[in-house]
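Structure provided below as structure tokens; questions to follow.
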């Protein structure tokens, strides 16, 4: 909890720093704050987890692991922000603060133990993002993305809320333990409200994770938002949403698996196919990544579909791998866009000849996203597949395999562009922060790929 | 006042749910059929409010106060959302001179 | 003594290595000496070995020695050793291979002296001798197969020796491929043998086989397959067409490989496996039938050929047919005897033809020759001896061997004899036709050729003379009992064919009948020779030009019964068409098209599905609502 | 009892008016009335404090904000381009389907227990306050972050940027 | 002393060093040094190997303990020949590429691939196997796509997706098996002990089979292969054909058949039929190819079809033949592609019509080429014969008619190979080919070694056969006991 408080204070501090025009201090202070939060979380690791504050939050291993992951990724995103926000606006401090706010929301989402906390967490996360997506105020795409995101987000919030209400109507409580107890106490006379509540919660959460058919905002918003915000959205926010999703289902709804699993199954398959097939036809790297994030949501849904003791670990590793790779990919995209002004695949042509380092790290990221062994992405996929097979969804896995093969095609397009398509271009200048992020990203991707125990042992 | 209230206690909980569902659906319809962003936002408010009422009804039905407390959070959210939403609308309007959602289709495919 | 048997094949192999590696360093004389020398030493050793076997035979033993060298392949129960077997049959083959091989090496020194590929040629020849020796000496089917394929390789290399000529290279390929068809039969036969008898070793297989009943189905299959192999190597119907084309190689090659040794490998192999064939009478009938058919067909073609080597080539095919006829009618000794005599006279004839070609500045068309007997006296006389021998005119060698075969055929089946007799008539006619066209009458070639005409050098005439002597007197080796001969060869080979003889019983023919047969064929051959003299010397007929009108039969014969064309139309061209079809239609368009189609389908559907992402919020929300309703309907059903 | 049904009817009626009125300003006004009927519902449920808050927050603050923005952007004309009738019909049908499916999946047409106020006092300020500041203290505090976010964001977005992109 | 980890990591270290030193001039020397080191070290394994059925030099450390994954490797008589093959061919291939302007990155990829291959051939844990399987794929993709011909991008991506799809199917099967093992392990041995019912083994069979069949490739999963072989740079083609496709065959022996014997019982016949069809089909297609590399590409399909059929026949001869033929084919095909590379490099064309008559200007090349061709068509006393003979015996033991059709390779192989030889080497030398330079320097060295191997194994194959004999018999017994 102290970490969350630290972050809230950090955000306020940043606002003040902005007020006093201490721009130079913003980045170091934010990073320090994140570091402090990570340290605070790590200290909590070994303590026995009990629901705190009248059962509002629970900092168990699950929460701590996902929190640290979110903090770490946010740190990477911050590293990338050098020179980035400056080009957008003078109010850099506010942006930092908003990102921290959104992060706070994410941390709440991963550690909630009461539907009220889930709701508030999600909303903090989302409201901050509505703003961040629109911070390029003169940019039509950014405007449009913000408005679309806001409208659809608000709309889906209604369903989420309706769902929470119905659950409340059935059980009389928002507390996860109480809800679980209700299920245990009435195994045969569960109120219909409860069932519909689950369905509506699935709808609300599917929207947040970008699963079909509630994914429509994802490509447009990811494309329209400033790249750095897209990075944050597709990594931290998605991870947190999944963690929340999983936490809710893992704690409460496991006994009703027979009821909701078919629904999720259909959603998963739809998500996989829509994400992958649409990604095949993209010309913009950024938009391709957006669709790819949809398809990854499909893979991560496997973790919830085959819910069990191993799901948490699987989703954790998967989202870590996916997030790290995405950060690298978006970082390179920022650089390329800066030098060429385009987000299309053609903009990457011949990159390997001039910037072998960039090309190499991006390739590692793409291989990881595609799930090639010796990268973190493979470990994630492997754990997901293991989980699914343990539940004997062999047909589903065959579909997943088909999709994974399709994935190769579009992930490799950028590799093909970088390495195999010659083009006249100048060397892209890369500042130290970017170099560091790319290095860390590639290194971690490979390290986790080779020694998955680094992460897999956490949960 | 007391008597009026007690008189009303005979309403089955199902009717509350049905009523709120209808209002919720009206909100959804509003979102679907209007093009004015502000009206769409109002429809969303309608949806949120129907949920609020349902929460209150359940709260009363269960004799549990947390439902009514939850309504506060929803209201806080509604306020925050409206503030942000209207800010976005204003921003968009400055650029496009329109609040028509159909004008927003540059990002696609 | 027999322990050193491995030296015999090793020597030519060493010669191959030295000549192969040093072909550009060593001088031509040295190469010639090394190349012939190793073969000569082998020949001497072979003589020693022969005498060894001979002594053993004289002592009453069967004269068979097996010498294992090392284990070559082993997998499970299957074990193949590289080991040699020396017995009467192989000892004679040894002598033929090394002896005639040596002579031809010597001949080649002269014949090839102007060729830039001199060293290569000798190395190939040595390699051939090596493989041929392996084939002959192998104590099991696998070593035999090594030699079998190895000589095929050398044949390929030597036919295509003048590789710059695309047609020659093609002929080489044709020879190799046709041989390979037979080889497949060989290999499968070997598998069958292994599964039936559990071994590849002759010494283990034949005794077991002897215990089987006649007409055994497995044996039938085995022998048929072996016979397929033999048709490939020994140029029988339907796989004979490569042999005439093989004349593309230098003439010594034709003499050595395509007349004296390699092509007789099929006969050797069947003689070696005689017990298997004896127990498969159906196969024997087929062998006889194919043999006589080939003999007649080839003889008929030879009647009208104008290329001196082509005539000899078809004659070889025809004579090989006789040998198969001999095998088919159970005259194993006779067939082998014919191998022996044929080796002498056919090598002689080819070398003689080579001498002529050499003198004619590489002209091979007999229509441009004539009247050469004065210019090339030694060649003429030796070739005359060869011609008489092959025509079956007594008392030269061919008469005896051919007669033995025909006598057996007569006992077996009169029709076979009649056909064989007709074949013999053809033989006499076309051989004398060749002789007369070449050496008699006026010279028909160009002035320049006339100017260059000369007798060949000593290195070429010496082998001719030696072979002429052998061709003349080779028949003495097995003079039939009817003529008071001792049938030395038959006795010597007895243990090899003992088991077969035991099954079929002794060959028996009235002396009177035998005299009649001999007389018939001898006289007939002389008549044909005279007829040929009448036609080509007295009337001075010269074969018509290529494009000229011919009678139907003549046309068929001249065009080799269109067999090459038929094969081309029935096999080669359909296969080529099939190849293109499979590649373009099935592989590229079909299977690959399917694979690519899957990819394209995905991409196209991507283009379709992304249209869902219309950019319109209203539509998005509508889709969401549809999703919501779908979920709730599910709930409605499920709860 | 019949009061509930009467007010519910009014709510639905004005809600429908809200979404079907062409003029946006009228929509806002109908929405205000709808929210007023909601306030009555809260009172009927004996949730007085909620009723008051609803009255103030929604009808007061939020609705005024809407009106303010409408006026600011000068959108009080009948100029809103309406969607085609087809889309409208589809939208309405979809909405009706939604009602039917919600109702069906919640088994709303079966008889159920009437609302009985087990504890008539829960809607009172003091009781709510106790719950809010004990059990729900954390979310209450946290929601301040939400509001802060919204505040910062709204200011940030609505402010005219001086710097060119 | 004989540490398999070190053997596997030598190339990895080499790859890293080369990747970092990048464009330095010493890249070539370094690139040769590491594989030679690897080769020398693997000889130590050869000398200490006891040719019995046991698994030797086993090394095992926990890798991902939470999933029960061990980094478990070992060598037995079946893997040793392949390990040796890999370690012999990689230096040869690197030497063969000396004539080209490759830099450190290229060699790094080659070495990285070597590590992957070694991992595949030594893995005793299914996860390790899978990782090696894919790890070998990435570098070859880059090699082909970076230095390949005109259509390389399209062709290589198809190759990659195709093979990747197959291996994912295998991954599913592996995970499934893992879940069936009591105590959830990925150990090969525990997979062997599973007794699954026939339908399960049936689909396990297909999952593995498709993965392997794509890689080998077996008809009708082969269409990526001719394209890739033709488009890839020669070193890539050599790696692909020489070593990589052995992964699939090795997988059949080590993984598919012992794990799913009932599946093999049900569908093995179909597999053999496919393999034999592919053999005849590819041979016939090879007749008329105009692109010289394509001829060898299709010939390769034919050859591996024979090997696959021999493996599915599942008897000592067939398996022994497959093991030795894997080695032989590797050697021959590397030689063939190298010769074709030399030709194509100097003439600047792959068109069979434009080559020809090269025997005159380049007699050494012609001689070497001839020996390699003879090895490829299985002439006795060359390596090819030993393998083909044993394979045909094995197939024959399975069924006469299979052997007859498989034996057609003898004939058809001679047809297309001799055509290739004839069209490139023989005939009149066209003017533009007259100044063709004969082989020299490293080319002689590489081809010389290959020729020595071709003839050496052909004349005295026993030591090589001896290595695998016990292991093969043991494997067969083990499966037949099930």
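Chains here go by letter, A, B, C, D and E, matching the order in which they are written, and residues are numbered from 1 within each.
Going forward, a contact is a pair of C-beta atoms (placed from the backbone, for glycine too) under 8 Å apart; a residue touches a chain by one contact, two chains touch by 3 or more.
On a predicted model such as this, the values are computed, not experimentally measured, just so you know.
Student: Would you identify the chain whose Cα-based centre sits farthest away from the centre of chain C?
Tutor: D
Student: Looking at A-D and A-B, which one has the bigger number of contacting C-beta pairs?
Tutor: Output for the comparison: A-B.
Student: Report the inter-chain centroid distance for chain A and chain C in whole angstrom, where each centroid is the mean of the CA atoms.
Tutor: 77
Student: Using the average of all C-alpha atoms in each chain as its centre, how far is it in Å between chain B and chain D?
Tutor: The answer is 4 Å.
Student: Once you find the CA centre of chain B and the CA centre of chain E, what distance in Å lies between them?
Tutor: Result: the chain centres lie 66 Å from each other.
Student: Can you check how far apart chain B and chain C are, centre to centre, with Cα atoms defining each centre and the answer in Å?
Tutor: Result: the chain centres lie 98 Å from each other.
Student: By residue number and range, which residues of chain B touch two or more other chains?
Tutor: In chain B, residues 13, 17, 24, 27-28, 31-32, 35, 41, 61-62, 64, 66, 69, 73, 77, 80-81, 84, 87-89, 91, 101-102, 104-109 touch at least two other chains, as defined above.
Student: Two-or-more-chain contact residues of chain E, please, as numbers and ranges.
Tutor: Within chain E, residues 161 contact more than one other chain.
Student: Residues of chain C that touch two or more other chains: which are they?
Tutor: In chain C, the residues touching two or more other chains are 599, 610, 613, 615, 617-618, 621-622, 625-626, 628, 632, 635, 639.
Student: Report the complete set of touching chain pairs.
Tutor: Chains touch in the following pairs: A-B, A-C, A-D, A-E, B-C, B-D, C-D, C-E.
Student: With touch defined as at the start, can you tell me which chain C residues reach chain D in the complex?
Tutor: Per the stated touch rule, the residues are 618, 622, 625-626, 628-629, 632-633, 635-636, 639.
Student: Contact residues on chain D for chain B in the complex?
Tutor: Going through chain D, the ones touching chain B are 1, 3-5, 8, 11-12, 15-16, 18-19, 24, 27-28, 31, 34-35, 38, 41-47, 49-50, 53-54, 57-58, 61-62, 65-66, 69-70, 72-73, 75, 80-83, 87-88, 90-92, 94-96, 98-99, 102-103, 106-120, 122-123, 127-128, 130-132, 135-136, 139-140, 143, 146-147, 149-151, 153-158.
Student: Quick one: which bits of chain C touch chain A in the complex? Just the residue numbers, please.
Tutor: Where chain C meets chain A, its residues are 599, 602-603, 605-607, 609-610, 612-613, 615, 617, 619-621, 623-624, 626-628, 631-632, 634-635, 638-639.
Student: Which of the residues in chain C come into contact with chain B in the complex?
Tutor: Checking each residue of chain C against chain B gives 610-611, 613-618, 621-622, 625.
Student: Any idea which chain C residues touch chain E in the complex?
Tutor: Listed in rising order, the residues of chain C that touch chain E are 70-78, 142, 145-146, 149-150, 153, 156-157, 160, 163-166, 169-170, 172-173, 176-177, 180-181, 183-184, 187-188, 191-192, 194-195, 575-576, 578-580, 582-583, 586-588, 591-592, 595-596, 599.
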